[in-house]
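Each of the next two complexes has chain A plus one other chain: chain B in the first, chain C in the second.
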Partner chain A sequence: MLRNDLPASTAPAQRSLTVRQSLLPAVGLCVLVLCIALSLALGSRPLPLSTVLDALLGSGAGHGRDADADVVTGLRVPRTIIGLVVGAALGVAGAVAQGITRNPLASPTTLGINAGASFAVVTAIYALHLTRPVEYVWFAIAGAAATALAAQAMARRAGDLDPTRLALGGTVLAAVLTSWTSALMLTSRRTLDEARFWLAGSLAGRGLDVLTPVLPLIVLGLALAFAVAPALNALALGDESAQALGVPVTRIRVLGGLAVVLLAAGAVAVAGPVAFVGLAAPHLVRLVLGPDHRRLLPGCLIAGPILLLAADVLGRVVVRPSELEVGIVTAFLGAPLLAVLARRAAR
Partner chain B sequence: MTTLATATRNELATHRLALRYGSRTVVDGLDLTLPGGAVTAIVGPNACGKSTLLRGLTRLLDPAAGTVTLDGSDVHRMPARTLARRMGLLPQQPVTPEAITVESLVRLGRYPHQRMLSPWSAADQAAVEEALTRTGTAELRDQPVDRLSGGQRQRAWIALTLAQDTELLLLDEPTTFLDLRHQLEVLDLVAELNTDAGRTVVMVLHDLGQAARYADHLVVLHEGRLAAAGPPAEVLDAALVEAVFEVPCQVVPDPETGTPLVVPRARARRPTTH
Partner chain C sequence: MTVLPVARRAARHRTLLLCAAALAALVALTALGLSSGQASMPAGTALRALVGLGDPGDVLVVQQFRAPRVFAALIAGAALAVSGSLLQRLFRNPLASPDVVGVTGGASFGAVLLLATGASQLLTPLAALGGGLLAALALGAFARRSRVAVGSLVLVGLAVQAGLAAAVNLMIVRFPAELASSALQWTTGSLYGSTWPEVWAGGGAVAAVLTAAFLHSRRLSVLDLGEESAGALGLTPARARLHLLLLTIALASLAAALSGPVGFVALAVPHLVRFLAGPPTPATLALTALTGGVLLLGADLIVLHLLPVHGLPVGAMTATLGAPWLLVLMIRRPAADRSTP
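Then we have the complex of A and B:
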């Protein structure tokens, strides 16, 4: 799309890349639709797609089908929508986090955002006796935002934000907060019981009402992320070159950081801390679409939900009739996947 | 361009400029005029403040005191984008994004000319094509930059600054890490940009002979202060080199160009300090 204006004499390798780039959004969307279908159909009670469609269209008739329809519309539809939103937020947050820090290993986790949200939620469970994910939302948002602000404050030097210090500050804060979270849970059995499922990261057991407070944050975060995308391309050339190209480097870093906080806080508030999606989605997209953030961010909007829904579906079928929390699956699958990516990149 | 044609001489000047890193003063009370339309080389021993001065000129570093002006207006008060349309910079060690192709890299030079949501224009493409052609990187356009040789990579980076389409070009040690042939290639390209395209060039160089050959105007820095400035033939003599670089030498005419050539004294006759 960006290359229409070029003469047709480009090299074969480049042409195949261009073909790949024009086909990939379609392929990506198809995979995403497949993941959505699987997410609606599979679970402890597998349903044929026709039943799923009937339930969605409200045309299910006859006895025994109502229970199936309830499973689809009452449980699996909200779960799938939450997966789409959280996956998109995590994928884009990861891409922007890597862009503003110029660090391919950056993610909401390394910026301390997940640890901050976890600490706030566990503290709230401990002190206020909360029990439902919808009650955790505001605490998660506040904890995530406070940690991100603290990391930014630690990274500030003479008015500039140092990207290495940003990642380092986030990692240090994450370590400290995680130890406090563990301490709280070890001293209170009730807190441990309430928090452990949320802390694993899960899309289950939530209604669409958990999305209400976070949707504005995620929409704003996405808008900010897409607004800074062209500047992130220039920022990739180093601070000096970016500045010489007229990029207000510190302002972009602050706005990009804000986008990461809004997106990651929104995601963690809904699903708990889910690792690796924010890290892996940008890497996967970069492998096929290249480093341009104007393509990378839309790509992550598709790749994030694919990864998250696929992991969630897998978690439902591997230990049937029980299930694994999605955060456990992403961590389990994400680590080796990333090792493979790192080896490929090094070659 | 909003400035009057008579006012755009592309003349950079510093006025009692002081540059500091924290409490360490690197450049102190510098008054300089870098002539527009010319090639200026900034030379001096290591840690004399050459690169720091370039950072101050491009406002990568805010002055601790004094000002930097471009045709009379304060560089540090101009909007970033306005300045980026007039002045391009090739840093000493720019970061090459992983897997980026030459053309994608050069396209980033159009950043200050683009607006939010505005499409890639014919003018943008024309500037990129000209930059690729002029630097001889057109046939490398689809290659990943991180797989190029040092000389090719440097030309790709120069192409990026050319695509930025500024009348003023600042280069921080553009020949470092290159072998002799590629050094000359880059310097010839710079000379061409000045003579053919009328660009004003300011570059930091290490090699005094190359500086004397390629520059119209020489700025010699010593411990953050101006040691000498002017045409190389007038400025570069044995006394100056001995005073600034602490190297006894003789200065002879370059057999090829007649410009001053510094020939250090043989080691046997150099007074040993250790």
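Then we have the complex of A and C:
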């Protein structure tokens, strides 16, 4: 329906884009599989891929097999699955957030979601003396949802949802909540000690049980996101043009915002606030696949997990036998990446 | 340009009125800040003590402890607010703040790194200043060499910021709890331990840069018209932007050296001023500086005197104080105006 509205391009460019389109999903999937394999094999104790396969199939035999199999099935498989889910959620959430606000700087962080979740979790640690990531999940979801909905409520006005207000309201709320989080941590040394590891963002030390409450949220969020994707293309032309094309602008913004909330709340509840994947994945994908949201979202579904798993693997390898939290690695990795992207985009 | 002269004059009157109100608030808060505390005294006594008259005990308390902190708050607040205002107009993005040019990250990184080495805390402002300037100048050099457009420069700035924030975060996670606490305290922004040398040096530098910013503000209005019009009016947009960017970087770094990267002032005050006084003029820039100082000083006084908990960073209070105001204004205001603040 909206194909005609896409920016017209010259024929050779169109052709090269088509070739890219047919090749890139395959390339992306290959990279993703590679990341999964590395995530299963590498760690403080690197294992050969054959051992990993044996452990996965439960068929291996020989000495030392049990310990290795336990490492793979008990620790690395859950961690990898969590990484896949969180990465996909963050990537798509970032793309939709940038689409509905029409702001290339928007990400789940901009809408106040990470700050809301962090504040709720740190408050829970402070008041209820919680100590395990599984126990944080519901608080994180509640905090993220409350903040994001508050930001949306403030941006709504006479049935209209103003993207600038949405981004500004989210940023303001995030600033307030972040400062309160710091204040809580500064008044209680115990809270600081517990919370700082969660706040760094990590995939480690969680079982698959953390996924149970968030999986429905993420699935619903993905469904919503893909449902609004074509309308996001129209939104990119400006509100008036979109309206002229018969797109219900406000409803799309609300639904898209809901998708962002569901996805980002799920992600932060599982892994803590992991910065940058949500911001960087859409920019990366846009660079190779163009701005069409119907391609951008599937692209982010692959690029998000690739970024997150690659960062996690790297974090396990660089300071072995200790490891870096994935949130710290994504920021370190993502920073130069984004700089390069900006530079290429400028040409 | 299209504004009717009458409306323009009315706006100017309102701005002047607001400036006067902000100035009055500033004086009142300064007097309050100098006079209240454990040994509270009448405002008149405090002001006389500031210039060295009256009871030697009072003079000591006011001159040594209260005054540096009050002035540091005023200077840092003004610098932050003006830098935020200029950045938001330069980048045409209402979310821009010193974060976007890497200053906050650089200053935090410098200061926390210094904490990690265990060097004297007196050096922290210098480390912060150096870190902020280095990060931002690296960004500027990158932009110049690769001719990145302003819009994309925001992305690069965010990248620099994110990388530096990650480094700070890494240190906070790996530090022993004691050190992590002071690192977090600093990176939230606080005015504890402000000293006269800091205030004099910082104040002088901020005053110089602010003057330059005022002199440049006409160019900024030309830039607001868009690249082509600016070019037609005889301005090289790229160079004018670069100059203004350097000024904002200097302001934000100086503020970070004085108070740490206090959040929210740079983001919110420009919006507040725009809501209250309308489109930017040189006069609103002055109002921005005054409001920033008032907000930061007010927040610091609350942190010092009204809260039951001691040792909270002032950054936590600026956001708490400023946010509801900004949000209410945002909700009440019609959505029509989407231009840059």
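Basically, the second predicted complex is superposed on the first by the 334 of 347 C-alpha atoms of A that agree within 3 Å, B and C clash if a C-alpha of one lies under 4 Å from a C-alpha of the other, contacts with A are read in each partner's own complex, and residues count from 1 in each chain.
Following the convention adopted for this analysis, a contact is a pair of C-beta atoms (placed from the backbone, for glycine too) under 8 Å apart; a residue touches a chain by one contact, two chains touch by 3 or more.
Note that the structure is predicted; figures quoted are calculated from it, not measured.
Chemist: Once chain A of both complexes is superposed, is A:245 in touch with chain B (first), chain C (second), both, or neither?
Modeler: Only chain B; A:245 stays clear of chain C.
Chemist: Does chain B (first) or chain C (second) touch A:24, or do both, or does neither?
Modeler: neither
Chemist: In the three-chain superposition, say which chain, chain B or chain C, touches more residues of chain A.
Modeler: On the superposition, C touches more of the residues of chain A.
Chemist: Give one of first, second, both or neither to describe whether A:197 is in contact with chain B, with chain C, with both, or with none.
Modeler: second
Chemist: A:81 in the overlay: touching chain B, chain C, both, or neither? Say first, second, both or neither.
Modeler: Once the two structures are laid over each other on A, A:81 reaches no partner at all.
Chemist: After the superposition on A, what does A:234 contact: first (chain B), second (chain C), both or neither?
Modeler: Only chain B; A:234 stays clear of chain C.
Chemist: Would you mind listing the overlap between the chain B footprint and the chain C footprint on chain A?
Modeler: In the superposed arrangement, which is not itself an observed complex, chain A uses residues 104, 345 for both chain B and chain C.
Chemist: Using the touch definition from the top, list the residues of chain B that touch chain A in their complex.
Modeler: Chain B reaches chain A through residues 55, 58-60, 80-85, 87-89, 91, 93-101, 104-105, 108-109, 111-112, 114, 116, 120, 122, 125, 142, 160-161, 164.
Chemist: Which residues of chain A touch chain C in the complex?
Modeler: Residues in contact with chain C: 103-105, 110, 154, 157-158, 160, 162, 164-165, 167-169, 171-173, 175-176, 178-180, 182-183, 185-187, 189, 192-193, 196-197, 199-200, 275-276, 279, 283, 324-325, 327-329, 331-332, 334-339, 341-343, 345-346.
Chemist: Of all residues in chain A, which touch chain B in the complex?
Modeler: 2, 5-6, 10-11, 13-14, 102, 104, 227, 230-231, 233-234, 236-241, 243-248, 286, 290-292, 345
Chemist: Quick one: which bits of chain C touch chain A in the complex? Just the residue numbers, please.
Modeler: For this pair, the touching residues of chain C are 93-95, 142, 146-149, 151-156, 158-160, 162-163, 165-167, 169-170, 172-173, 177, 180-181, 184-185, 187-188, 263-264, 267-268, 271, 309, 311-313, 315-320, 323, 326-327, 330-331, 334-335, 338.
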